[in-house]
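Okay, structure first, notes after.
Chain naming follows the written order as A, B, C and D, and within any one chain the residues start at number 1.
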Amino acid sequence: MNQSNKINVAVAGATGYAGAELIKLLARHSNVNVVALAHSPGTDDAPMSKFFPQLAGVCDLMVEGVDAILDCHDLDAVFLALPHRAAMAVAKPLLARGVKVIDLSADYRLRDVAVYEKWYEVEHKDTGNLENAVYGLCEHYRDKIKSADLIANPGCYPTSVLLPLIPLLKAGLINPENIIVDSKSGATGAGKKTSAALHFCEVDESFKAYGVFSHRHTPEINQELSAAAGKEVDVIFTPHLLPLQRGIQSTIYVGLNQQNLPAPRMPGSIEIQNAYEAAYKNEFFVRVKPEGATVEIKNVANTNFCDISYFINGNKLIITSVIDNLLKGASGQALQNFNIMYGFNETEGLI
Amino acid sequence: MNQSNKINVAVAGATGYAGAELIKLLARHSNVNVVALAHSPGTDDAPMSKFFPQLAGVCDLMVEGVDAILDCHDLDAVFLALPHRAAMAVAKPLLARGVKVIDLSADYRLRDVAVYEKWYEVEHKDTGNLENAVYGLCEHYRDKIKSADLIANPGCYPTSVLLPLIPLLKAGLINPENIIVDSKSGATGAGKKTSAALHFCEVDESFKAYGVFSHRHTPEINQELSAAAGKEVDVIFTPHLLPLQRGIQSTIYVGLNQQNLPAPRMPGSIEIQNAYEAAYKNEFFVRVKPEGATVEIKNVANTNFCDISYFINGNKLIITSVIDNLLKGASGQALQNFNIMYGFNETEGLI
Amino acid sequence: MNQSNKINVAVAGATGYAGAELIKLLARHSNVNVVALAHSPGTDDAPMSKFFPQLAGVCDLMVEGVDAILDCHDLDAVFLALPHRAAMAVAKPLLARGVKVIDLSADYRLRDVAVYEKWYEVEHKDTGNLENAVYGLCEHYRDKIKSADLIANPGCYPTSVLLPLIPLLKAGLINPENIIVDSKSGATGAGKKTSAALHFCEVDESFKAYGVFSHRHTPEINQELSAAAGKEVDVIFTPHLLPLQRGIQSTIYVGLNQQNLPAPRMPGSIEIQNAYEAAYKNEFFVRVKPEGATVEIKNVANTNFCDISYFINGNKLIITSVIDNLLKGASGQALQNFNIMYGFNETEGLI
Amino acid sequence: MNQSNKINVAVAGATGYAGAELIKLLARHSNVNVVALAHSPGTDDAPMSKFFPQLAGVCDLMVEGVDAILDCHDLDAVFLALPHRAAMAVAKPLLARGVKVIDLSADYRLRDVAVYEKWYEVEHKDTGNLENAVYGLCEHYRDKIKSADLIANPGCYPTSVLLPLIPLLKAGLINPENIIVDSKSGATGAGKKTSAALHFCEVDESFKAYGVFSHRHTPEINQELSAAAGKEVDVIFTPHLLPLQRGIQSTIYVGLNQQNLPAPRMPGSIEIQNAYEAAYKNEFFVRVKPEGATVEIKNVANTNFCDISYFINGNKLIITSVIDNLLKGASGQALQNFNIMYGFNETEGLI
């Protein structure tokens, strides 16, 4: 097979859940050669199938230190599924060499360095590239993504919140104040690291809130909602841990804004549907359901879809959204960004 | 063993999850004789262990039609774990005979008949007894329960919402407006009836909202919060289905009321803790955690406890509570009510 | 896009778990047009996404009665994911028209009509085609599959048993007598039909044997093991229900045969590995692990792989195998058969 | 309350799953004072509810080093839920003081020191007491238990195997050769220690065999079966990990022995039932079901029951048994032993 028309990519952080998921997707992609894989510091080199036996036969590349990627010639693009801080240390030299970077960490998501440093409690070491990073929420930044060299791939929770809220804020249908987001995520969201709190018997048949008033995805949500609203938005965001592996469900409570319709009144189904249609009618991966429909994690698990439904009662609007946190919330959206950057069919590798 | 000092009880609706749970608890109770069990109409008579093999040896009584209870002499008290509507048809003749009734259905929970008939879409056939029914939220109606003949045992979701909110509303610490309740329940909450939506493969590894703006526990929550607040309360209540069997977690979003403290300011941890201490210091089954602590379903599953925690940020308060929906949310609270009515140790059968 | 070089296929029984899985796979296949979908009798016509909302956007075809398939022109091949008995009624007229059929039911698996009629308790109505049916265990019948018009796609349990045992029986390494197969399957294996036994609360956190000495996959296993052994094999096969959705694990207990090696002795790792290498060295979808390795359902769930491991102790051999019951155990193997029949890359649509 | 007629007990190893379960049971027991709790070495002292928040209010004792138990006066009995090796170091001085010991570890289960040292790979440091230890399989050693000072509480897997097999071996109905035991256990069986293999995402929706031909419960099973058979028994025992918390299911494959009945023939249902009735008719915690019945983990989870069922086909017998590994397989049986030792009702604290 002539592989000359293929893009050479590498994945750093291949041994985490998002990294492995990405490799699964890339194995399905018709226009990609995976040429190098790297693990996080402190891990021994080994074939990918040692870390994820399900990939034996699908991807048997060695997973090495990040130097294997930094030293690799003929690289076109690199996906970084590294922890924050580790990501920018790798992105900077790659970008300097002209390699495109899709970063799944938080390092380039927050445009305001001070906000980043406050929430992540580390110094930002690559503010130069930060300015040019494009926030990779595909359906809303597609034009910028096409020509980007550095993608800040959105966080999982933010993706589940931004996709349903941005169109309504832009259309002025909802009140940007007092937005409450009650989100629930499966355990892959907490990563693969061993911890007492993630022992099977702690998670199974249980449920709890965590990170109340303090989760790091809060400023990311606020940044993008503020951009959509044209004014400062400050949401209440409460994540919870679900006894399942993959999936996020967000239940979002907002107030409707009175509209200057024929007679002044609260927006109803028609206005909401119109706003969503304008935003997502041609979007393959966002499925907006009619008012009152049910969306469920099982319908998006193992897919790159975001399903959205909504409920109206007087001036109250409740929106429910679901995504797979590892796909639309991480690796799937990363590959969608890649497809946009290289002009491939946006669904390539993602169906 | 001389059983003359024991209370003779019967359980109607013994073949549902709440009924079976009750029988398990009663088997542990030192002062109870279970003398009759009844199923719902349309079920064939069979020994209890045919419906719940785990009870073989523990309770091998026959489960018969409700007439077996209605015709039973020497009955002191009856627990009704029947569907609404069926419950009042049985309660009425029992009460007329002087038998005490603890009703786990919704039939006697809503004091306003019109509200009942609107939400449950059936005519109330026992308005006479409705007036004397005591809402069996043990920690808040204990005195009335002591002398009650008819207990309306609270709903599962309402229990998880009322226990954390009533003390704060009574103390005037929170704004009775714009209360948002995001609740999540295990699948036993949906009952034992076979349905496509409750197939293992539909619930496992999934999660969804249901009954948005329309769940029948809403008026029950509003009734009791209004009583506590001294004014009309109208909450937003959104239930969700968790992929687990037992347990409810409620995340409750409220605004704090400015207080006339030395200097006017929002209440903080001290005021919240004080209000909770005043209410629950001597309550065995309500455990209020310090600000910022985590409560989890696994810590209350298979117990009659309600755990409560809270989080303050400026004028925003988030409360999280957890109960076992079959115990504190149904049969456990029913037995606690029974213990109060008969002057037994309130924890009898419940540890 | 010019679709003239694509195969036109239909799926009957699209609304069950195996049917839906097949449609997901076909959507990824580069050389397939899905032109018609049919449901089982008694179901109303509706778009595929009504039955499986996760497929909205991926496959929005109408699912109609089987007549829609029987009347369809330009059909090349049909997958039947119907119940036994319903399958042969559809296969017969399709085959008569020259349409190739891949049948996922049991109707054409058992070569001996009497055995079929005894275990399935119905008359076989298409014995003519039965003679020409090819048992679609891809790795062992590939040559016949290439030219087959009718594939009897293997059962899920049999696939997990035959792949590990056939090479060892053919090599004479194991005793064909006293083979014991202890298998465990996820709940999708029981199908999508609503039943009390499949309520979430019955399956979750539980486990049980079923169909002991009576499961219909027993004669299928015996037929193929007998063919491999060259003598009658009669296994003990015990299926169990796992509290998970997808996956089968089989633990197989066999005795080793003494070998005429340099000195007569029991076969060891080398002989077992050699037999497996000879069979599967070039097989993408069968991964044989070294002696003592662990195979786990999670490593094959959502894949078409079969993982095999083995353990030797004296003259005792224990083999463990895992597959995804809906993929290698049903729809994945069906598509693999299709790929073989049409000369496509065998992994097309299956990675 | 006058507590003079209560037994003063302590629990060492209170912070593991079995220890916590024991404390839950002891809290229900009418004749017990829990006077001291100890953790494993390397743990900090803290109240019990810090380790198991579900016990807050139920047991708020401090958990200290084992010295707290060794130094405690007025102790009548101690439960040891410590790892093997740690248990004998504590048991020895307690026994020397006249304190009764119920040891849940393996340290006193194997009568042959050489077997212990081979399988557990440590030297036995208390062979003196080993001789007098009574194997605490309540239904079969009750008389010895009554007067024992040291109970070796059976392992979880062995309990699930011995209860169904001992009566049949003693009656000579089954062949003591070629017994195959395929067992499946929930994740609490692996203990509370954090490990990569017990991460929620590794266990959930998965299943695997482990310890094949090498699990330490094998010699314990063999010892007791040999005693029952009156000859050496050497079973094949394969444990598996279930994606659930509590429960063991064992599927046991044995051959029937021809009987000198009126005409020589294989034993049937009547002979099997008779053997079980003779053994368990008066046993509260062993429930033998009729031939062909289903036993399920959910029917014994959170109980001290062992359910047994069996299936006959020609000269083959399959037995299925289920227990809760933390109760009948550990702490429940330990308390049952305690009740026997002190002459309490055997079900006290266990219903």
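The criterion applied here is as follows: contacts are C-beta pairs under 8 Å (C-beta built on N, C-alpha and C of every residue); 3 or more make two chains touch, one makes a residue touch a chain.
Note that the coordinates shown come from a computational prediction; the quantities given were computed from them, not determined experimentally.
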| said: Same residues or different residues where chain A meets chain B? The copies count as same if more than half of the interface numbers are shared. | reply: same
| request: Could you find the chain whose CA centre sits the greatest distance from that of chain A? | output: D
| said: Using the stated contact rule, I'd like to know whether B-C or A-C comes out ahead in C-beta pair count. | reply: B-C
| note | Rotating chain C so its CA atoms sit on chain D gives an angle in degrees, to the nearest 5, of 180
| task | Find the geometric centre of each of chain A and chain B from their Cα atoms only, then give the gap between the two centres in Å, rounded to an integer. | result | 40
| note | Chain centres from averaged Cα atoms put chain B and chain C apart, in whole Å, by 48
| Inter-chain centre distance, chain A versus chain C - centres from mean C-alpha coordinates, in Å | 36
| note | Touching at least 2 other chains, the residues of chain C are 202, 204-205, 243-245, 296, 298, 301
| query | Which chain A residues qualify as touching chain B in the complex? | reply | 178, 180, 182, 184, 186, 202, 204-210, 212-213, 236, 238, 240, 242-247, 249, 251, 253, 292, 294-298, 301, 311, 313, 316, 318, 320, 322
| How about chain C: which of its residues touch chain B in the complex? | 17, 187-188, 192, 194-196, 198-205, 243-245
| Complex contact set, residues of chain C against chain A | 27-28, 53-54, 56-58, 205, 284, 287, 296, 298-303, 305, 307, 351
